[in-house]
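In structure tokens below, several structures.
Here come two complexes built around subunit A, the first alongside subunit B, the second alongside subunit C.
Up next is the complex of A and B:
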């Protein structure tokens, strides 16, 4: 199994024929997105309008900022399941510090800082204790971060933010939601980081062959630390957008976000064993899952059915990426 | 997994997916051909029998007026999930949305967006804040519910002992209001309740497993507990279950607000001597008529306005404790051994 997987990877990087281009995962995802849009249009007469297609993303984009650092993490061969709890903790600290008298601008900065610190804790522990796996470390911090959020706010909600704060989640610039612009900006930033910098090459290298990288004097620890810190930072960003959309926050916000994000990244063709994946795949799958659940909601299909469809889509994609369906 | 097997599995899943799409297409296609105005009801979460009864009543009330009802509920009892559903309803240009809110304040931005698009927003059972809603459909006088539940606990504890409250989520507006009135009843009659001690308010989030875990936590932390008040149908059923399973019938009493069909077993075995509820079907039914009245412009949410609610008769909008207005369904009804048998078949 291990050998065939490696042979397969090498084959992909070597051959770049037309057939391979057509059958690469991202093309299939593009077709799937098209299919989702076509089916949604057939199901509901309200789906297909330019205004709707452009405005809908603000319904699902708030959590999508977590997708970018998760791509880096999974290409690295790791995983971070603490991001949902990090969102909750930074949102709660932002709300509480604002209500304690801190100006909102500084509360937002504090929120980003707390998120980054949470990510640095994950990264720091992983770098310090190599024998621990990322799953165990981040499962622990997932419990700890949400626990701290509950200690701070108890069972209560915190709200009362200034009016301008709702712009982040609800405002629009040039006819499109502010969230969509920020998502595009983040796509470019992380796309360049992963595909056009030596940092990105090193991430792929570590994910494909950690031992070879160690012998090549690549700073595995430093890169791991930075990637997990980025997870925390983007969790802080998500906390700002989510809190702005809700106008209030509680310790139990963003529950289960980590799984939704990992679903999007895996569907996007990023291997859970590391080294494989592109930025474009998960971006497409953000829109596939987003439009899919939005469209099914428009047709008033009940929530459990939507979950079943997304679940089968994920299993399907993982199987398809392993078996090369087109060479049946 | 062998390559061949996984090929077949993926083919099967692909077919399943296509089947789901096609099924959705037909189901959706049929619905969209209808022309009448559509009124939506959004409950807290799926899998709550009380909520299903409310939605059933809402559907009845809407359909007998010749309109179409859309019934929605998220899979998790969170405000985030309700925001997504409301966004979808706005895009469908429904005439009105009636919401059983998971959070008093967090739905305000999305409700404002809906109202700016001309959609009437009401809340039922669990309130939205006054800025978000036209009016609120309340089951019964909150003050009466709160005070009655404390008086029942006093009665069951025979005047002295420790009592605890098992609520829904900490942000559920209706439960929080009742708990406030419970505390007021205790404080205002401090002499009468001198020996009755409220030791803890636990939150079961209206999820069955969490409510059971919270009840067991209460029993462990407070071994001398006499009465558990659960002002939520999921919580009271969980508490009844735990008290029965732990063979604590007669030592610990459960009371609160429960569905007769779910609670019949515990009322008959003595775990719950008596409890209260209104008819959730009527809450939904009344909401349906309030929603259409709001869309027709018959009511604007001002105190003193009246509207017709089908078989329930005429209703009047009154001032609510939170600064907005509300419509009260009627007094809570008491269920005990003498009448549970006939009611458990109704709802």
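Up next is the complex of A and C:
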């Protein structure tokens, strides 16, 4: 497995000709996105308008902020299934501290801080006990974080935020939702981080050959820690947007977000074994899955079927990436 | 099996110490709980505890096999729901169906799901966490689709079906008996069959296993198939026990099963796991579930406590392992 993985990486980094460029994964994703839009238009004639296409994303963009650090995590060869619970915990703490008298601005900062701390706990445990796989650590912290959210709030909901807070989720700037602008901003930030900085190159390096990286004195521990902390930070950001959209929060919000996020990243062509992937693929798949669920909502398809579709998409996209569709 | 070398010998010894520690922790916890609530250490309550823990124990055996091969299965909660739902629908339609057939039906459904997962992981080499995360949702969705969102409740199930879980043989609940039988079979399978030993070989050193010609793919496929069959069986037992089948039956139960395994010293990186430890881990987790309400710990605390126990156990395993290796290095003849 180790050997085939390395061969695979070399193949990916080889210079590619025009035909290879056309048949690359991102092109397929683009076609898939077009297909989804066409099908949606067939279902509802109101779907295909510039205004609708720009405004719909705010329905699904809240969780998309988790996609960026998850790309880093999976390129690193890890995974983080605790992000949904981190969102719930930071949202609950934000709401409770606001209702306890903390000004909203500070509550938001606290929310981001709590998210980051959660991520740092994951990263810290992983670095300190490097024998442990990210799967088991984040599965345990997934229970712990949501457990703490339940301890704090029980089965209550917390709401009553100031009016301006709803701007994060519902406001629009220059004709497009605020969320969309923030998403574009985050895309640029993480795109540059992943593709244009030494930090990003090191993440790829660790993902494709950890041992070589250790001998090249790359700070594996520091980078792992930062990547998991980023996961937590973005979970905090998601918590702010999600709470703002819903107007209230409960300990069971963001249940199963990790599945959707991992699906988006895997569908975006990021290898689950590390070292392979680009930022553009997952960004496309955010919109594919987002418009897909929106379209299924339009067609009045029940939520369980959507569950089946997203689950199969995850499995099928990983399957497809194994069989290398573009090498006909 | 005779220990092969010094390190293995010492490893076994350390594992035994670890299990002794777990046992004394269980005893301490019982004494503590008993002091707070005298109703804990009664025959009645202990039988209830065992009955509650039986399903967990059955699943833990399957999960141990999966973890031993170096994998993980997050889909079992959904498999339980699917097999339970289909079986419940069957017995509510054909009320004359013998209980044994119902058990068999559930097991076969679980087996089917397990085979699909095994195929994805063994044949197509999808990471276990990804494949089972995906299948978890596919199977859960299927459960809702098949049931149409309905519940099958107690009055729709024939008595003989419910007796699977409420009946007893010689005063011992059927669930406990089934769990004991499965543990015995597993003990034989793991220690005395070639396939059982090979599962451990694949988990502890995949490359070496492949080089020595072990059918790695088939073994991994087998582990997930067993896991699936056991969750299918557990699904029927679950539905018979709670006399209700719902779309959200056993949501998140996989985490408890994994927690029981890591508490019992099963390594999540593969190759390590003993049934004796697993049994203790299962009982400890069952006690946490049973005893916490008895000493009036809010149910909202349970999730957090379980999570912390799980993380603590995993870290403990690593520390024990490090110590073992360090000591083995020191004892090595120069």
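Details
As a working rule, the second predicted complex is superposed on the first by the 319 of 328 C-alpha atoms of A that agree within 3 Å, B and C clash if a C-alpha of one lies under 4 Å from a C-alpha of the other, contacts with A are read in each partner's own complex, and residues count from 1 in each chain.
One rule holds in what follows: a contact is a pair of C-beta atoms (placed from the backbone, for glycine too) under 8 Å apart; a residue touches a chain by one contact, two chains touch by 3 or more.
As the structure is a computational prediction, the values presented were derived from the model and not from experiment.
Legend: residue contacts after superposition of the two complexes on their common chain; A:102 is shown touching neither subunit B nor subunit C.
In the superposition on chain A, A:176 makes contact with neither subunit B nor subunit C. By the document's definition of touching, neither partner reaches A:220: not subunit B, not subunit C.
Once the two complexes are laid over each other on the shared chain, residue contacts for A:301 go to subunit B alone; subunit C is not touched. In the superposition on chain A, no contact is made by A:127 with either subunit B or subunit C.
By the touch criterion defined above, A:315 reaches both subunit B and subunit C. Once the two complexes are laid over each other on the shared chain, residue contacts for A:45 go to subunit B alone; subunit C is not touched. In the superposition on chain A, A:59 makes contact with subunit B only, not with subunit C.
When the two complexes are laid over each other on chain A, subunit A has residues 154-155, 256, 302-305, 307-309, 312-313, 315, 319, 322 in contact with both subunit B and subunit C.
Listed in rising order, the residues of subunit A touching subunit B in the complex are 39, 42-47, 52, 56, 59-60, 154-157, 159, 166, 169-170, 242, 245-248, 250, 252-256, 293-294, 296-305, 307-309, 312-313, 315-316, 319-320, 322-323, 325, 328.
On the side of subunit C, the complex with subunit A involves touching residues 72, 74, 120, 124-127, 129-131, 133-145, 149, 206-207, 247, 255, 258-259, 262, 268-269, 298, 300-308, 310-311, 314-315, 318, 321-322.
On subunit A, the positions that touch subunit C within their shared complex are 1-2, 79, 81, 125, 129, 131-133, 135-137, 139-148, 150-151, 154-155, 256, 258-259, 262-263, 266, 272-273, 302-315, 318-319, 322. Listed in rising order, the residues of subunit B touching subunit A in the complex are 3, 6-7, 9-10, 13-14, 16-17, 20-21, 24-25, 27-29, 31-32, 46, 70-76, 78-81, 83-85, 87-88, 91-93, 103-106, 108-109, 113, 170-171, 203.
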